[in-house]
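Presented sequentially are two complexes of chain A, the first with chain B as partner and the second with chain C.
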Partner chain A sequence: MNTVVAGITYRALLGRRRIILLLLLPLALIGLAVLLRVIGSDDQRSAVLLMEKFAIGTMLPLLGLIAGTGVIAPEIDDGTIIHLLSKPISRPAITRTKFLVAASLLALFAAVPTYVAVWLLVGNEDGLAPGFALGALVAGIAYAAVFLLLGIVTRHAVTIGITYALVWESLVGGFVPGAQQFSIQRWALTVADQLSDSPFLTTRVTFGFAVPALVVVTVGAVLWAGHRLRGFALTGDE
Partner chain B sequence: MSEIYDIGYRHYDGPRLGGGHATRALAVHSLRGIYGLGRTARSKIMPFSLATIMLLPAVVSVAVMAMLGERAMTYSGYAVIMQPIAAIFLASQAPTAVAPDLRHRVLPLYLSRPITVSAYVGAKVAAMTGALFLMLAAPLILMYVGELVIDLDGPPQTKEFLGALSMALVLALLLATFGLALASLTPRRGLGVASVIAVYLLSFASVPLVYTALDMSGYHSAASWAWLMNPFWLVDAVQVWLFDTPPNADGAYPGGPMPAVIVVALIGLALAVLAARYRKAASR
Partner chain C sequence: MKIELAQVSRWYGNVVAVNDVTMTIGPGVTGLLGPNGAGKSTLLHMMAGFLAPSGGTVTLDGQNVWKNHHIYRNIGLVPEREGVYGFLTGWQFVLSAAKLHGLPDPAQAAHKALATVEMEAPKDRRVETYSKGMRQRVKVAAALVHDPDVLLLDEPFNGMDPRQRMHLMDLIRAMGAAGKTILFSSHILEEVERVAQQIEVVVAGRHAASGNFREIRRLMTDRPHLFKIRSSDDRRLAAALLLDDSTGGVTLGPDGLEVQASELRRFARLLPRVARAEGVHLQQVSPADEDLESVFSYLITRST
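Up next is the complex of A and B:
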């Protein structure tokens, strides 16, 4: 953890246009929740549907992508990463710092709006709101780690990440149940299910698999990202 | 013809091809760039793998037609079913068409030649439209050729095929103008990709939710309008109006020419944003 690096990263993410994107998605989620409430479908079924399809299924991977790649990919893209890499700071420490920045942003922009949206719809019934908030938090942290790694490994991080989230987690996961075992979104729903006893929320991944998987993916991605940055080659493909 | 400085070099006395030729060259160059042709192998991977994924259902459909004599995919529904792939293609490739020129601020160099701002924007829009149309039309053409070769019972669905093909062009134009307008707002590639895909996913994920919620609460006519907030369903609504195909969404679309008017208005809006953006970029 390096506070100067963290400060620079925060400024790069929040001071530019990226913050519009970071704000747009949570605002859309809360807007949808308000709309559902206004037209009178504020029951648990639609709350769970909103969470599964929009909050966990769309907003979370996108925010993870924007924050996770946003902490490092622009610097690699325009070459200014060389100023950071040439300082006597250990490279794994740089990745750890950047990961913590991305994770904190996801807590703020994903987990908090998730709680607010569920609370708007069903209040605190059956522990749905804290359940989904915790699910969004842990899955957001895992996404931040994975997409940080992806941002270091490839310049097409955003495209590959969105293809994973859309094609693997949503499309393939919808047809092939086995694919859901290896889906961060499903792990998030399992965590949410653990805290909530709503009958509308069902999961196929067991809690005993989801938690170790989340930990392994998060820690593994951060460690590997640090390793990749240690042997980083500053060559472009454009 | 304009020269920047005449510092005594030998003059060019070959044929002068004019502004139209320069614009066409820029469009072809951009189109090749979108598919990564003439660039490194690594920049070909993304567009070609997405185009291949886009073709897969058509290949499966032709195989099903050959073996079972049934149609697996309809022409009119292809774009709606495969919309995430087309949207990812748009998001990943639209910034490659506009971001480098903005980032390296080379626009004044283009404009020192007989290319105007509107010709530059027109060339980029034409290139992106062409790239998307190739991607959307190739599976349709493959399926149609397959249908003709296999010779299914009954007449070939030529009318539906041609309708879907023309709608693919409309959809490509709508997506291209919008994608380029969004991508041109930032000179950074990654952020451009993220903003295009974020706006698309916002509509893709929220529209069915809004529709279901409105429909369940009894607002049936308002629910049908919800579909028009996503470009693919919007163009499908135009297709239903023009060619009388079955809708590819739950329930019906609002009938009449309104979806077509919205499409035209959206294309106009996106072109206006592009023109304003590039007028500003050119003056720096």
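Up next is the complex of A and C:
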């Protein structure tokens, strides 16, 4: 972890209006939870539905995309990354720092609001709140790694990321049972289920598969991202 | 320190950007001269470890440059693109460079570097409020903060006003005189001439010429020159000029003569003498190919 790299990255991501982008979805989540509570639907069934469809199914991948690509892709686009890369710091170390920044942002802007939203609906019943918060945290970390890698590998990271998150995970995952095995969101739900006894939460991926899968994807993506940044080439205007 | 390029080539798909270039950049100031699109930036990026050569090797004192972040202890790079975080102040930007280098006293180093480029006064303004010349100087300060032995600058004078340009030229000359290895690229001969002791000319991806500025000047003046001439009697003048060896060829057209002078100095003396002897009035004598592009294209045909 390089504190100078981390400091610049935090400022680039949170500076001025960009923080609004990160705040919108969690605020919407908490707003929905409050709304459900007001209309009297503050039960476990609604809580699980809100988490599956919105918190884990929509907010988490989108925030993962904003934070994961946001820590590096804009700098590659405008060339400012050269400031960091032309220093005697190993590129994998720069990548790890960027990853930690993205992961910390997801903990703050995804996992914490998730906890708050569930707690607003059902309090501490059946461990749903800590379960979903932990699920959102580990899945957020995995998304941070995957989207960081994507931000280094391609200039179309956002398009590809949205396609992956919304088409693969939500659509294909909904129809093709096999695809659910390879879905970060499903792994998140499995982790949530492990901590919760709620009868409304059912999972299709075993805990024994989800945890190693999360670790492999996260570690693999960070290592590969470092490797790719080592071979980062400037293409001139010529 | 020495940067050595050995048979370096770089291609993008079918396009060859740099073609079999071998050169050594030693202490002092070297100018990398060539027209736009000649491959200067590609060469510079390869020297700075930001591009892998497709063939050949680039080394810094024998160490491979590509995928070697240790070289940046000795290299300062001023890229052509902006590459400055607009939300940082000039001070924060240069200080961050000092910290990233792990210098023992980053604040002192940053102060010194900002003073070197005369950017102390506006140092607390955000970079996005700077003019292009100021950004350029802040980039130079960040590249100098660790007092590197090698400084690479990509088109450093672009966008600078004359005073800033003079100042940066003085700075580069002083660093060169202090024994640093400095390489900068430019497409303007006069710029390179004023700063560099050594000039490497690159044209169409090839190393077309190498030498000090006198040698490069001579190469450029000794080439055949093309003149457009209008006179009171074009045909008579053409016939008289052709009698001398310094005239390579003459084309007679409706707009006057086009004369190919194979030896510039001799032709320059010949023309007025012949005109006077023949009683022809010269109305217009203008060089037809004085632009740098034609000088470069001459160099490239000569080197093949």
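Quick note on the criterion: the second predicted complex is superposed on the first by the 234 of 238 C-alpha atoms of A that agree within 3 Å, B and C clash if a C-alpha of one lies under 4 Å from a C-alpha of the other, contacts with A are read in each partner's own complex, and residues count from 1 in each chain.
Following the convention adopted for this analysis, a residue touches a chain if its C-beta (ideal position, glycine included) is under 8 Å from a C-beta of that chain, and two chains touch if they have at least 3 such contacts.
Just so it is clear, the structure is predicted and the values come from calculations on it, not from any experiment.
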What does the overlay on chain A give for chain B and chain C, a clash or a fit? fit
Determine, under the contact definition given at the top, whether A:Ile39 touches first (chain B), second (chain C), both, or neither. first
First (chain B), second (chain C), both or neither: which does A:Met1 touch? neither
Where does A:Thr80 make contact in the superposed view: on chain B (first), on chain C (second), on both, or on neither? second
Should A:Leu50 be classified as contacting the first partner (chain B), the second (chain C), both, or neither? first
According to the contact criterion defined above, which of chain B and chain C contacts more residues of chain A? B
How many Å separate the nearest C-alpha atoms of chain B and chain C in the overlaid structures? 12
Those residues of chain A which chain B touches in one complex and chain C touches in the other: 78, 237-238
Residue numbers on chain C that touch chain A, as the complex places them: 12, 17, 36-42, 45, 48, 50-52, 67, 69-73, 75, 77, 79-85, 87-88, 93, 96-97, 99-102, 142-143
Hey, which residues of chain A end up touching chain C in the complex? 2, 4-5, 7-8, 11-12, 15-16, 78-80, 82-91, 230-238
In the complex, the residues of chain B that touch chain A are 39-40, 42-43, 45-46, 53, 84-85, 88, 91-92, 100, 103, 185-186, 188-191, 193-195, 197-198, 201-202, 204-206, 208-210, 212-214, 216-217, 219
Once bound in the complex, which stretches of chain A touch chain B? 17-18, 21, 24-25, 28, 32, 35-36, 39-41, 46, 49-50, 53-54, 57-59, 62, 65-66, 69-70, 73-74, 77-78, 155-159, 162-163, 166-167, 170-171, 237-238
